[in-house]
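Below is one structure. I have some questions about it.
Labels for the chains are A, B, C and D, by order of writing; each one numbers its residues from 1.
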C-alpha cells in the first residue's frame, strides 16, 4: 500500500522529467539535423519557469478550468500505463479506460480555447478533432489487434504475456508499424503539426495562451509525449524494467524525431487521407491476421 | 391493484389536466406536474415487487388483458415516469406561448401513460393496444407545431404503422398457433416451436420494434420527427419513446424466446444474434457520422439518438451477460443524456426565439452558465468521458465484444464514439463557446423550472458515472429473470473477474491531480481578466461579434467523407414513394369523376355478375 | 299477342330500367340524371311487384272464409315495394336538394363542367 | 552564458527564465524581414540563446520592430504591444524606428517610436547585421540583471501620456485603455 502511494506520487514526477528531457532532446536533435547548435536540453524547463512567472490573460472560468482539466487528465494517465512494470492503478482501468482517458486532455484544451472566442482557436480545435478522427482509425485497429491477439484488455496482462516470450512486434509487425506511423500525428508534431501551425492559424488552440496557461500546456505536452511512447513500448516492445523501458522509449522517440525533422507539414485533408490509407490498411491487415490465427 | 392504480392515475390524470385547462391555465400546469410526479412516486414505490393482475377478460376469443411488474418493466417504467415528469416540468415555461397548451399537456401525459401501459402489460393484446395509443399520440405531438412538423409526423406514422402491422401479423400468428397471448405461457410454449417459426416471429418483431428503436434502414423517420417536435417532447422521444423498441427487443428476445433458443437460430456466423450485432454496428457508424454534417442542433442530436440506439442493439445482440447488461444500462444512460441535451436545446430555443441553426449561435456561456454546464454534462455523458454514465455502459459493450472475439464490431463501436465526440463538440462549441453575437447580448438564463430538470439530469449523469452499481443492481435482477447468468458488480465498477474498472479510484486520482495542478496554477503569476473582444487578431482590433468561426466546422472532413454519408435509405424510400405514386396514377385514371362513367361501371359489373351467374347456371 | 300479354309487365319494367340507364349513361344534366334514376326506381318497383304475383292466386286478405290459406300470394314483395316507393321519394328529394346546392355552388347543372372533385 | 549556474537559478528563477527564454514576436513592417530568417535558421541559429519566434503576442515577451513604422502600422504595433503579457521588452531594429531614418521627412512615417510605446533597446544601422540581434539580446540580459529593462513598468506608470500621444497620431483608438486613464487614478 505504501509502495503504491509512493509510486503514485513519484511516477508522475518521473514522467515529467522524462517528458521534459524528451522535449529538450527533440529541440537539440532537430537543431543538429538542421546543422545548428541548438539550445541546451534544459531549455523547455527554462521556458516553463519563465512562463510561470509571466503575467497572462484569462477569458473566464472555463478558460482556466479547461487547462487544469487537460493537465490533470494527462497526469492520471501516467498511473494507468505500466512504466517498467510499475502501474499503481492498472487494476482500476484497462486499455479501454486508457483510450477514453486520453480524451480528457484534448477536451480540456478545446473547452478552454473555445471560451477564448478566437477563430484561430476554433480552427485549431476543428483541425485537431479531424486529425484525431484520422489517426484514431489505425490507432484503434492496432490496439484491437493487440487485444485480440492476447485475448485481454488489460495492459498489464499484455506486457506480462510479452515478457514471458517474444515481443508483440514480432507477432504483429503490421499494427506496430501502423502505430509508429501515426505517432507523430498523436503527438501533434511535424508532419502533422497543422493543428497548431504558427504561420497559418497563429499556433491554433494556444493562440490566447500566455504565461501559466502556456506553461501548463507545455507540461501537458511533456506528459503526452511520455504517455504515447510508453503506450507503444508497452504494447509492442514488451515493457521491461525501468532502465530498458527508458532505453526503448528513447529509441522510439528518436526514430520518430528523425521523421519529424525532415518532413514538411501536411495539409489537414492530406493528413486525414494519409491516416486512412497506409496506416489504416496495415493495421487492418494486422487485425485480420490476429483475428484469424 | 397497484399497477391498475398507476395506469388509472396516469390516464385519468391526463383527462383531468385537460379539463382543468378549460378553466384555468395555472391550475392545469400545477395539476400536470402533480400527476406526473404522482406517477413517478407510484412507480418508485413498486420497486422490487413482483405483481401479476388480470384486469379485464374479453368476452370473446378467450383472451384477457393483464398487467405484470418485474425488474424489466420496473426499470423501463421508472425511466418513462422520470423523464416524463422532468419534461412536463420543463414544458411549463417552454410551452407557454404556444397554442393549444391544454391539448399538449393532455397528449404528453397520454403518451406517457401509453408507454407505462406498454411496459406493464403482460400479454400481447394489451401490449398492442397501448403500443398503438402511444404511436398515435406521438403522431399528434410530433405534428403539434404545424408546418413542417406535419410532414415529419406523417413520415413517422406511416413507418410506425408499417412496423405495427408487422408486429400485429406476428401476434395474430401467435394467437392462431397457441391460442394465448400471455407472455409467460408463450415463453414456455415457444420452447418446442420449430426454429423457422421462431425466426419468422423474431423477424416480424424486429421490424415492428426496429421502427421504434430506429435501427438502420428503419431509421429515416427519426431525424425529422425529433427536429420538428417541441423540445420537451423531443426529450421524451429520444430518451424513452424510441427506447420502447429496445424494451420490445428485450421482451421478445430474452423474456419470451430465451437465450437457449436464440443460439439455435442459424449456424456459424450467420446466426440471428450476429446479424443483429452487425445491424447495430451499422446503426452506430452511419448515423453518428451523418450527425457530423448537420447544422441544425436538434437534427444533430436526433442522429445521435439513432447512433446510440445502435450501441444498445449491439450490446443485447452479443447475448453475453456483460453485453446485455451494457445494452440495458446504455438505455438508461442515453435516456438521461439525450433528454438533457434536448432540454438544453429547448432552453436555447426558448431564449433566442427558436434559433436552432448552429452557425447563428455562439458565446452563450457568458449568458446561460447553468445551461452550459448542463450541456457539458450532456455531451460528456453522450461521449462517455470517464466518470460520466455512458462510459460504464460503453466500456461493458467494448469489453464483451473484445472478449467474445468480435474486433470489427468493437471497432465500429469505437469509431462511432469518435464520430460522437466530433459532432457533439461542434454542438457545444457553436452554441456556447466562441464570440457572443450582438443580437444575443441581452439573453438571460432560463427560469428555474427549466433549470431544475437540467440540473437533476446532470447530477444523474455524474451519479451513475461514479456509482454504476445502482442501476446495475436492477439490471442483474433483469438478467436473472432472463435466465442469463447475472452480472456481479461492485458499487464503483466491476469486480476483478470481469475486468479492471474502478471508478472511485479514477475519481480520486483525478481529484488529487486536479488539486495539485490547481495549486500550481494558482501559485504562479496571476492573470488579468480580459474582455471577449480583446483577442489576438494580428494586431487589429475586431469589434464584438464579428470574430467567429463556426460555419462548416469540419469542412475538410466533410469533403472527404460527406459523399459517402448520403442517406441512401431515405432516398430509397422516397424512390419507392415516387414509384408507387406513378403506379397509383394508373388506378386513378379509372375514376374520371363523371357520373356517367360510374354508372357505366355499375352496369358493366352487373352484366358481369349476370354472366357469371349464367355460367354457373349452365 | 298472348306473349305480350303475358310478359307485358316485364317488358314495361325492363323498358323503364333501360331508359333510365340510357339517361344516366348519356345525359350530362344533373336533373335529367336524377330523372333517369327515378325511371330505374320505378322500373325496379314494377319488376318486383310483377314477380311477386302468382297467376290465379288471391291477395292474402282473409275477408271471407272461402279463401284457402295455401292459395294466397306472398305479401312481402308488395309491402317491400310500398316501402321502396317511399324511399324512392326520399332519395329523389335528397338528390334534388343536392342538385340545387350543386347549382348554387357551380352555377351549372352540367356534370362534365363541375370539376371540384376531379383531377 | 551562465545558464548552468545553479546559484543564480535558486536566487531568482523567474528572472533567469526571463533572460534565457526570449520568445519573440517579430513585427516586420518594412525592411528587416530579410534579416530575420537567417537569424533564426541554421546560419546564425538564434535558438541557442533561447530565442524562438512565436506566432502571437500572448506568448511573446520580446517585441522586435524592424524597419520603418508607418502611421497605419503603428496602430497594430500598439495593439500587439498591449496584448503582450508582462514582463515584456521591446527592441527597435534599424534606424527608422529611432528617428525616421531615410524617411525622416515623410508625412506618413512615425519618427520616434518611443513616443508611443516604451523601447528598451535600439539596434542602429540601415540595415543592421543579424548578429546585432544577438548583441541586443545579450545587452538585454545585462539590463535585466541590473533592473534597467523596465519599459513595461514605465508604460504602466505613464500610460496616460502614451495614450495621449497615440491618440494624437492615430485619432481616437477603438479599443478601451489598457490601464485606467482618468482623474480618479491621478
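Annotations
Convention: a residue touches a chain if its C-beta (ideal position, glycine included) is under 8 Å from a C-beta of that chain, and two chains touch if they have at least 3 such contacts.
Just so it is clear, the model here is predicted, and its values are computed rather than measured.
Looking at chain B and chain D, the chains that touch each of them are A. Chains that touch both chain B and chain C: there are none. The greater number of contacting C-beta pairs, out of the two interfaces A-B and A-D, is seen for A-B. For the pair chain C and chain D, the distance between mean C-alpha positions equals 112 Å. Centres computed as Cα averages put chain A at a distance of 35 Å from chain D. Chain A and chain C have Cα centroids separated by 96 Å.
Residue positions of chain D with contacts to 2 or more other chains are 56, 58, 83. Residue numbers of chain B whose C-beta contacts span two or more other chains: 534, 536, 538. Shown for chain C are the residues in touch with two or more other chains, of which there are none. Chain pairs that touch one another are A-B, A-D, B-C, B-D. Residues 3, 13-14, 16-18, 20-21, 23, 41-42, 45, 47-50, 53-56, 58-59, 61, 83-87 of chain D are the ones that touch chain A when the two sit in their complex.
Across the interface of their complex, chain B is touched by residues 27, 56-58, 75-77, 79-80, 83, 173-176 of chain D. Looking at the complex, you find that chain B touches chain D at residues 531, 533-534, 536, 538-541, 543.
Those residues of chain C that touch chain B in the complex are listed here as 21, 24-28, 33, 111-112, 115, 117-119. Chain B meets chain C in the complex at residues 588, 592-596, 599-600, 603.
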